[in-house]
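Scrolling down, you'll hit the structures one after another.
Okay, so chain A shows up in both of these, paired with chain B first and chain C after.
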Partner chain A sequence: MLFCGAALAALVTITALRLDGGGAETVPAAGPAAVDSTVCIAPTEYMRSHHMKMLDKWRDEAVREGERTHVTPDGRRFEKSLKTCLGCHSNNRMFCYMCHLYANVKPTCWNCHLSPIEIPPQ
Partner chain B sequence: MKKILMPLLMVAALALVPYVGVEYAGLGYLFGVLIPYAAAFLLVAGFLYRMVDWLRRPVPFNIATTCGQEKSLDWIGQQKLECPPTRRHAALRVLSEVIFFRSLFRNNKAELRKGPDLAYGSHKWLWLGGLVFHWSLLVIVLRHSRFFFMTPGPFFQFLEDADSFFDVTVPALYMTDVLALAAVTFLVLRRILDAKMRVLSLQTDYFPLFLIAGIVLAGIGMRYVAKVDVMPVKVLMLGLMDFSFNPPGEIGALFYVHLFLVCVLAVYFPFSKLMHMGAIFLSPTRAMPNNSREKRHVNPWNAPVRFRTYAEYEDEYREKMKKAKLPVEKE
Partner chain C sequence: MNQQRREFLKRAGLAGLAGLGAVAGIIPTFALEKTDPSVFSNRPVPGATRWGMLIDTRKCRDGCDECVAACHRTHNVPDFGDSKNEIKWIWKAPYEKAFPTSSRQFGSRNLDGLEVLTLCNHCAEPPCTKACPTKATFRRWDGIVAMDYHRCIGCRFCMAACPYGSRSFNWLDPRPAIETYSPDYPTRERGVVEKCNFCSERLVKGLQPACVEACRGKAITFGDLNDPESAIRTMLAENETVQRKPELGTLPSVFYII
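Entry: the complex of A and B
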């Protein structure tokens, strides 16, 4: 009981002292969609195992902190957006679908976003 | 101290073997294909050997343990689960043990207080820790079917969805990962922190706990931290399910650590206390019905003895007995 009470008190305190509670700050304008490369933002091997981490990081930084430009170690710039990825990768409608089906992984991306497989072929 | 550190060092060394072997010696085929097959064979063959061995052992006495009222006079209540009268009730009692760890729920603890005053109280922590540990491991093993089957089916999908219900972190955090790690930590600390348990515990108690902790940590590391490309893993696992001998693709060394520790567990299983998985179904004190008053239990060890009854004796010597004026039962 005592522990639950203490935990509740701590939770309330943390919530009350949160810095981003105001909502009065100005949202910075979206940066330019600076796709200046035909090469992926990171090596294929890295993207195969880490793409979900990268997308998660981009989502947090772009949506919550407003930093919309990704700079690769070799200086190329990309807009942190799913559109940047799909700019190249949607040329194969099965691109996301095939591997996720094979590995039996259901990403939550398509709960909101439109999956390439849902766009009718031209 | 040695009996805690030795198993820990052993697990660490075992974890290092595949890491060095794959990373520096390129032994992916050995650790990805050959050793898993050998380990799976030893697990199945060893498990069957132990079970058949136990099944063939005769049970000389009816030694069912009971903790409830046996069938008695009509006005005395009978507790059929605590004192199983039939095989069906005995099976139900074993199942309740397997699924709910019923006898651990009765765990007591004796404590010497000031006075001196010996006090007994209910102590359910082992029951809770053990239950969480075993059920988490079961769910984790079933969840892994997504690597072993092309489409695992709706039940396994449900299990996975339920397990990642909270949907925090990417990839979604599995509850059972946290629970298994917490439970194994508790089970280790339970043996270390209590002086009585420290004396009772052996290397063979710590080793499987550390081994399972190592497997869980390698798996968690692979999923959440040092990511491993899952596609060649699934190719390898589907291949193993088809008994193929294709070499594995490019997979991170952490995967081989995880797989090798699982292989070690599989090989260790039939030769260790982990056989309680099969033995709980065979233990006579639990699995036998307590019906010794209705049914005579014959010791299968008894050699067939040829008895000669008095009637047979008299049949043979009746005439001689009559001549000697001895009384006979039948004229």
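Entry: the complex of A and C
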């Protein structure tokens, strides 16, 4: 599965395209990334206690500064997007809910962002 | 325990195992897929790019609304079905509404009944961003006037400030008014303002805005106004173009060939 994903990602990213409306800042097409759910962007313990702070930081950097790439200490690169998280964690569609329910916290993310339970698996 | 119930429990157990398989990443879900960021540039240089749009009304077909539909589908724009609650990012307006200050004295017959495509102008001097008390709407590094919905408090100052009516307010929860969700973009919630974002979420992936892609008549050209070689600049140099209400000094980034 992993290899298929990687091959697919490679295939899609090779076809870099130029916005034919011109544009100095042309960007090559960014394709889907391979899903490797065996390893997270940071150790599980850290993510459990700090994911909300990290998401807040990601949001401000991506939305307001246009800095969209997160680089981990070991050099892996991720898009600063909820989709990076859900690319793996939507495999368990209740992943976010279970813990939030247990901890009795009510984050407002899903007021706008589509959660895995709102999007049927394809 | 009767045999039927026992059989049921065994099957339920198996289904549960399949669920575990999904947790372990054996079964992929592609609906919310992550993006390979290796092609993203790092921190963008402010002001290097200024995205702009040129709409050729001669090529825009009467009664066609494919660009509008594509945009609203892509961005989960709700359709409440009444004009009071209407949310719009891009729409067609009669010429005299889009260009109310242009002279119509002894005007051309061609303008009678002309419908013009209108959207946020992504002004270089946007009055909306100056009115916003929370900086929820702001001018980005690439000239796009963006909304940060996380910060919007729904005061609607920006709507009063925009001279083009480019902004809509969510009086109601938009979710029930969205026919099918596009997983590539969030929805909004009740109490925030929304408007066209020049498809910033598509530009970052190297795609053209949804309306440009949807237009079969190729009436919309999109590109970098700061690049003298770009197609949009070439067309601006070769054609007589107009902006909406230029006398206000908002410096719109959307141009029209009438």
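What we mean here is this: the second predicted complex is superposed on the first by the 82 of 122 C-alpha atoms of A that agree within 3 Å, B and C clash if a C-alpha of one lies under 4 Å from a C-alpha of the other, contacts with A are read in each partner's own complex, and residues count from 1 in each chain.
Quick note on the criterion: contacts are C-beta pairs under 8 Å (C-beta built on N, C-alpha and C of every residue); 3 or more make two chains touch, one makes a residue touch a chain.
Note that the structure is predicted; figures quoted are calculated from it, not measured.
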{"item": "Touched partner set for A:Asn91, first chain B, second chain C, both or neither", "value": "second"}
{"item": "First, second, both or neither for A:Asn104, with chain B first and chain C second", "value": "first"}
{"item": "Chain B versus chain C as contact partner of A:Asp74, first or second or both or neither", "value": "neither"}
{"item": "Winner by number of chain A residues touched, once chain B and chain C are compared", "value": "C"}
{"item": "Overlap of the chain B and chain C footprints on chain A, listed as residue numbers", "value": "108"}
{"item": "Residues of chain A defined as touching chain C within the complex", "value": "1, 5, 9, 12-13, 16-17, 19-38, 59, 63-70, 77-79, 81, 83-84, 86-88, 90-92, 108, 111-114, 116, 118-122"}
{"item": "Chain A residues within the chain B interface of the complex", "value": "45, 48-50, 52-53, 55-56, 99, 102-105, 108"}
{"item": "In the complex with chain A, residue positions of chain B that touch it", "value": "146, 150-152, 157, 167, 170-172, 227-231, 234, 250, 252"}
{"item": "Of chain C, residues touching chain A in the complex", "value": "19, 22-44, 48-49, 51, 138, 140-142, 146, 148-150, 181, 183, 186-189, 203-208, 212, 221-224, 226-227, 229-234"}
